[in-house]
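Quick one: this structure, given as structure tokens, is what I'll be asking you about.
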Amino acid sequence: AALQRDVSANPSSPVVAAFRVFQLELDAKHDKYERLVKISRDVTIESKRTIFLLHRVTNVPNAEEVLNEAEGKLDAVRQKIGQIAEELRGEDIYQFHRAFTPGIQEYVEAASFLHYIRHRSLISLEEINARLVFMRTERAELKGSVEAEPPGAYVLTFQVTPSDYLLGVADLTGELMRMCISSVGNGDIDTPFQLSQFLRQIYDGFSFIGNTGPYEVSKKLHTLRQSLGKVEDACYTLRVRGSEIPKHMLADLFCSRTAHVDPEEGLV
Amino acid sequence: MSVTDMFSHIQGFLSADQDVREDIRKVVQNLEQTAREILTVLQSVHQASGFKEIPSKCEKARELFCTVRTHISDLKTKFPVEQYYRFHEHWRFVLQRLAFLAAFVVYLESEALVTREEVARILGIEVVREKGFHLDVEDYLAGVLIMASELSRLAVNSVTAGDYSRPLRISNFINELDSGFRLLNLKNDPLRKRYDGLKYDVKKIEEVVYDLSIRGLAKEPEAIEK
Amino acid sequence: MSVTDMFSHIQGFLSADQDVREDIRKVVQNLEQTAREILTVLQSVHQASGFKEIPSKCEKARELFCTVRTHISDLKTKFPVEQYYRFHEHWRFVLQRLAFLAAFVVYLESEALVTREEVARILGIEVVREKGFHLDVEDYLAGVLIMASELSRLAVNSVTAGDYSRPLRISNFINELDSGFRLLNLKNDPLRKRYDGLKYDVKKIEEVVYDLSIRGLAKEPEAIEK
Amino acid sequence: MSVTDMFSHIQGFLSADQDVREDIRKVVQNLEQTAREILTVLQSVHQASGFKEIPSKCEKARELFCTVRTHISDLKTKFPVEQYYRFHEHWRFVLQRLAFLAAFVVYLESEALVTREEVARILGIEVVREKGFHLDVEDYLAGVLIMASELSRLAVNSVTAGDYSRPLRISNFINELDSGFRLLNLKNDPLRKRYDGLKYDVKKIEEVVYDLSIRGLAKEPEAIEK
Amino acid sequence: MSVTDMFSHIQGFLSADQDVREDIRKVVQNLEQTAREILTVLQSVHQASGFKEIPSKCEKARELFCTVRTHISDLKTKFPVEQYYRFHEHWRFVLQRLAFLAAFVVYLESEALVTREEVARILGIEVVREKGFHLDVEDYLAGVLIMASELSRLAVNSVTAGDYSRPLRISNFINELDSGFRLLNLKNDPLRKRYDGLKYDVKKIEEVVYDLSIRGLAKEPEAIEK
Amino acid sequence: AALQRDVSANPSSPVVAAFRVFQLELDAKHDKYERLVKISRDVTIESKRTIFLLHRVTNVPNAEEVLNEAEGKLDAVRQKIGQIAEELRGEDIYQFHRAFTPGIQEYVEAASFLHYIRHRSLISLEEINARLVFMRTERAELKGSVEAEPPGAYVLTFQVTPSDYLLGVADLTGELMRMCISSVGNGDIDTPFQLSQFLRQIYDGFSFIGNTGPYEVSKKLHTLRQSLGKVEDACYTLRVRGSEIPKHMLADLFCSRTAHVDPEEGLV
Amino acid sequence: MSVTDMFSHIQGFLSADQDVREDIRKVVQNLEQTAREILTVLQSVHQASGFKEIPSKCEKARELFCTVRTHISDLKTKFPVEQYYRFHEHWRFVLQRLAFLAAFVVYLESEALVTREEVARILGIEVVREKGFHLDVEDYLAGVLIMASELSRLAVNSVTAGDYSRPLRISNFINELDSGFRLLNLKNDPLRKRYDGLKYDVKKIEEVVYDLSIRGLAKEPEAIEK
Amino acid sequence: MSVTDMFSHIQGFLSADQDVREDIRKVVQNLEQTAREILTVLQSVHQASGFKEIPSKCEKARELFCTVRTHISDLKTKFPVEQYYRFHEHWRFVLQRLAFLAAFVVYLESEALVTREEVARILGIEVVREKGFHLDVEDYLAGVLIMASELSRLAVNSVTAGDYSRPLRISNFINELDSGFRLLNLKNDPLRKRYDGLKYDVKKIEEVVYDLSIRGLAKEPEAIEK
């Protein structure tokens, strides 16, 4: 019995040879997975910091400067996503999806937040993806130079999945709620009403999707509803307190706060 | 594009996804049905009477694999080929069962370890992901491990059926398999758990061989000229 | 009868059951889809502009309830009526949502609490179990409680939209509802948990009324002479 | 009808429901008590001394099934027959235990698989849902699977008691059962999980037969001409 | 060293650890007691009558901080200084409360934001970790945020007490604080949650200022010559 | 109101200045935490691979070669732990403990496994720590060259905590159980009895510590008991089947399996 | 004594225990029913019309407490007095509700904090454990905290009903209560969590008083000469 | 009595309670320590060498039970006897462990089931609740079940140590125990779950006996003529 066992450990056995190949394949896959997890963590952190930066917009004079800085930070994040795309070149992205989905969701949250501040609208999945196209130069050692392709350059793309997009947008609503409360505290009366309108649309959108979306969305729906509630409450308070302005003060207020008063909002 | 439009747009994606999954589920049910039929055919080898019928049973199983290939062809049409891993969970279980069945048939026929290429051929799929619907290496390995546990049962039942040389051949085979698996670095995943089970199969077979040898029933395994 | 025959026979039962469940699931998906559409229609009452359109929105919702009734008629054909509770879990969730939507429409139209009979009529089902597909009392109550929380939101948004009298009417309504629920001896189940949420709705609405009162915006609600 | 009246009315429904459940719970407790008594009677077959007493033990168990039938008659009076599934959870567990006990008695008497009809007769209930309080096919199957695991214990204990032919007969029986179950397309539910346990019973019994064979203790089971 | 010795050795570590924790818990209880006493002293500023007594209340609180320092000296002796974070959870909560109380006293005295250095001095601890038992920056910030919420309460109660200028000063102060916090990148931790609360404090104070200004009660805040 | 708000955004405000300092401090801490998490993941993976490698010992002829290879792998892991120690220089290690505890536990598992295979004994915490001492060369840019210290070199140490040690040892028992079952399968009769003895000691040790240890240990106690049960069952089977050896075969067996038969074990 | 005898004996104990629990559950249900009735009576104080009827409502509630005492007398007979804590969980919830209701009645009558002795008297139970079925101090405190949250609601609704002085009195009362609780060293248990809610009640009431003050509606509360 | 006085008074109660709990916790820790020591002593019976030392190990354990009795005497002084159930949770776990250890010692000495009276005597406590600190029947049963699982381990290790008759005696004992438990009507609580584990112990031991029987190692256990 001891004899036959030694045979099996024989490295020339075809079984052992086959398993050596499997070993390489599995190790390569795990290594790639690990690299993706690490890049994803970087993407998460930088995206989160961009979001904090964007919240500074509401009380600094030089908003444009902050927005540009945020844009710059997101450019760096996109470079990281480019690295993810590089890793995924020729792969089935769903094979490694779990490794990078947290980072991508956070990026969607940051990018859509910046977009909302700039354009007061919801960035589309297509617009997100349009920014995730990367030009790369072929590394010399990988491909021979004698090939027919245009020498050096190629295009890499990264496609955010609809469900990562949705999950990112779901988180965006929390940031919008924070922005709304801050706006009230900063005496900005316009923004809360705009935000409540916008959040209501997103909420209606999510209600419309309901439980047909990914499981995690249903979990976030409750938080979304709470955020909407907070924003609606803020608008309610603005309206109620606005009802008390004595007639003689209206003029004064219009002078000092013109920027803030939406004519449509009537008394406020 | 308005928020409402955006969500309708996304809803479109989601509905399409659900439809695809629904379609896949149906084909997978058919595959499971056929897999159970093949298993029933092959189970008879565990019975005393079944030992001489192995060749005919294998043939029968081979025929049923035609049906498997038809179902899998059908399955391939249900989703874009490059999104294999998006829907992997749906067929992973049955594919591992089928890999096991293919490996078992091949073992019964030739007492050799089926290659991943051979399993792929029997199932009518690819080995290399880039070429189309393929057999993941983990799924192939899982199938092989299910077979190992079936072989430990076979070793036991061979003795009952009076075949005293088969356990020794199984023992050699399974030891070689064990050596192979020891080369792998597995994660803490289902495959690892299954691989832990292999140790018990090896142990069981070793016990059978031991029982035979202390009774002088174990012939020097001349059969291992392979 | 051989074991094989017995099990083939049993497989017949199991397949039939699975088919029934599959059919039910599909109809329930349609119901959920329609329920979401009704919800989208009714959600617009929370918008400043939506307040004057309440009647037209209700009409729109009423039309969609026709579709609901069609789906439910369809659902009824999928299983024997006396097995309602066997499959209850499949439609319980959507039925509670629909009860909520019916209650909300009726409230918006008439500011009255919909009766269980009325909900049943709107959904095209029965109240009494013996008569056919019916609305369980727990499901009716769950629907009413969902509406209560929607009304607290409506009270807030009414004020934002400049309608200062609606919150007072909602407050009276919700207080009556609360008294009603206090008559019930609920078990420690999901319904009880939902009911515990009602006191937050009551409080929220009272605070809205308070905000209006202290600013002299709450007109004596002459209509409430009851 | 005022809100108060509506809710008083509803409280009536809720109380009635709670009373029914209370009544059911009490009868079910009695059933469990009797089931434990039957089990105690049958457990003795696992003991060396118990093997010759099987017939008398079975008789004793048969008598206790009279009490079971009385309790079940009582149970039937506690709720309207068409609401079986409303309260199913209350008696599902004990009904599966009773199905197991009936199947075990029948096996001990005749070494055959009890039919669902036979179990229903022993428990004094129906097979067909439409006819009244019945035995759900899933509950019947669960009972059969509990018996399978009891039989693997019996195979082990037979050997201890010096009965070397019984394990072979059990092995054949359980293999047939396994083939039967392979015809079924089970959902991913508790029954499926229980069925997954069957393969361990099969394996255990095969190992018992192996132990007998290798020691030359397994007689050719001439009795199995069936 | 035998396995048993090894485990005895480790058990030694663990027991020592538990003793240290027990000692810490006791001192922390004393600290909590004193913190509650300081809070009771300072709570009176929210009452109409309390406004003029602010200086004397602050003095009283300052005295109680002596006791705090004594307890903290005691605490420092209970564990090796370089293992601060090993036991951090034990005193984190009370340290944040104490930082809040120190910040509140300083604000009441000077209407300025206490520095981390100043809090450390009041509590008799260090700012820099390397130097000994210190005040973590997060704990300092948490204390400041608790104070912010206390200030929003104070703004409300100032108006009740007839002091119409204080809310404006608080408003300026809290806005500056808000600007500071906006510079930070927080993790999703308790501090982040507390910081989210700051927005509501700012909002509340803004509302008080608004209420005063539309009634012409808000004097041009000449007081902000600081 | 709008006016005073602009003041607050004034970058020259002492509050804002203080918070800029806090920002740097917090960001530095989070960055360090992230770096530690990444190193810890590497330590985990390489330790796990070492464990797999060590399992190969039981059926290859050249055990020493494998052990040396494992030693080499662990050296690389220790270099990684050295990086952790570098990050923790001058820090309170408990502040960042959560970031690297999984990696360290896995390292303890691997190192104690190797130690058991070599020495058939439990490595002590002190022995573990003795290997985690690193010589470093001072980087020129950090410190001026004019200082009094010996130019360049210094010693870094990393101290595994008793509870990380315990948790690593708890996991070791799972690997030992695997090794035991494999040994039986490979016809090695000695090792299972040795292992059951050893595991029983560890189990008794953990029972002795009981619920005074860290919470995670209590959770692992159940698995430990199961592993011990499996090993005891294996020994039981060996004993029971050994009882059947016909007398005339004993001699043969002693010839072919001398290496495996422990004279103390009697019949087997 | 044989094992069977021992276990039969033990079964006696277990049955007795289960019977006691069943009996207790029934009485507790009655208590809950009465508690809900008292609550319904007292809820009317939140309505505009209810303010003048406070005395009559309190009288009505006092009468219902007779029923409570009857139920509790009944409860006492169900188990040996020294096993109070064995079954505490069964009535703890309802006892806290009753303590709340007693505290609320007393507050409405006298605007004073009910003592534990007084609550015990109203419920017909003891304060001192040794004397019999008693009111645990934690349960008393829980009842008081539930009342605090009811008072914040009452402050809001008083304003709606046009009573502008009550909120000020409530504010003073609740502040005193808050100071009282600050004397306690609570464990990290449900009571502590409830107490953490008290600060929201305090804040809410302060905001009501603020709203009155800024609008000049808050009269100097001359009544508070206490 | 002012609110402050009332709460100071109450704080007295709370502190006393906390002190009692603190005291109990300390004694319980000592008990746990001693229990672990007894366990370590008894664990050695699982070792090959340990079998002959059973008597001396039992003696050693008996001595340690003196320490247990001392700790329990100490425990009794920490709280009024009629509040046993108030603090039950503190010592329930360790009491079950001690009941297990007492049962195990008695089994090792006499191979008989310890009675509840005997356990009480070993621990120095009462059986009857009315007489003082006692052993709850559920805790006694839990201890017995823990022992059952220890015995299944012992059966295995006896064989390894070459003692082939002990497993048969354990098998008879455990079967008797199983019959005993079948007389009980357990609630759906932790004890029930533990009892469900007993059947695995029964099965495990039966398999050991089987292994011995089939190899002719099981002597007719002449001692079991009962």
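Each chain carries a letter (A, B, C, D, E, F, G and H) given by its place in the written order, and its residues are counted from 1.
Here, a residue touches a chain if its C-beta (ideal position, glycine included) is under 8 Å from a C-beta of that chain, and two chains touch if they have at least 3 such contacts.
Please read these numbers as outputs of a predicted model, since none were measured by experiment.
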item: Steps needed, at minimum, to go from chain A to chain E via contacts; value: 1
item: Chains in simultaneous contact with chain D and chain F; value: B, H
item: Higher-contact pair (C-beta pairs counted), A-B versus D-H; value: A-B
item: Separation of mean Cα positions, chain G and chain F [Å, integer]; value: 55
item: Where chain C and chain G are represented by their mean Cα positions, the distance between them in whole Å; value: 34
item: Chain A and chain C: spacing of chain centres that average the CA atoms, whole Å; value: 35
item: Sequence positions of chain C contacting 2 or more other chains; value: 179, 183, 185
item: Shared interface positions of chain F, touching two or more other chains; value: 1, 5, 8-9, 30, 59, 186-187, 204, 208, 244
item: Chain pairs in mutual contact under the definition given at the outset; value: A-B, A-C, A-E, A-F, B-D, B-F, C-D, C-G, D-H, E-F, E-G, F-H, G-H
item: Chain B - residues contacting chain F, complex; value: 175, 178-179, 182-186, 196, 199-200, 202-203, 205-207, 210-211, 214-216
item: Interfacial residue positions of chain H with respect to chain G in the complex; value: 1, 3-4, 6-8, 10-11, 13-15, 18, 80, 82-88, 113, 115-116, 129-130, 137, 141, 176-177, 179-181, 183-187
item: Complex contact set, residues of chain F against chain A; value: 1-2, 5-6, 8-9, 30, 34, 37-38, 41-42, 45, 59-61, 186-187, 256-257
item: Residues of chain H defined as touching chain F within the complex; value: 32, 36, 39-40, 43, 46-47, 153, 156-157, 159-160, 162, 208, 211-212, 215, 217
item: In the complex with chain B, residue positions of chain A that touch it; value: 1, 4-5, 7-9, 13, 15-16, 18-20, 22-23, 25-27, 30, 90, 92, 94-95, 97, 121-122, 124-125, 162-163, 165-166, 198, 201-202, 204-206, 208-209, 212-213
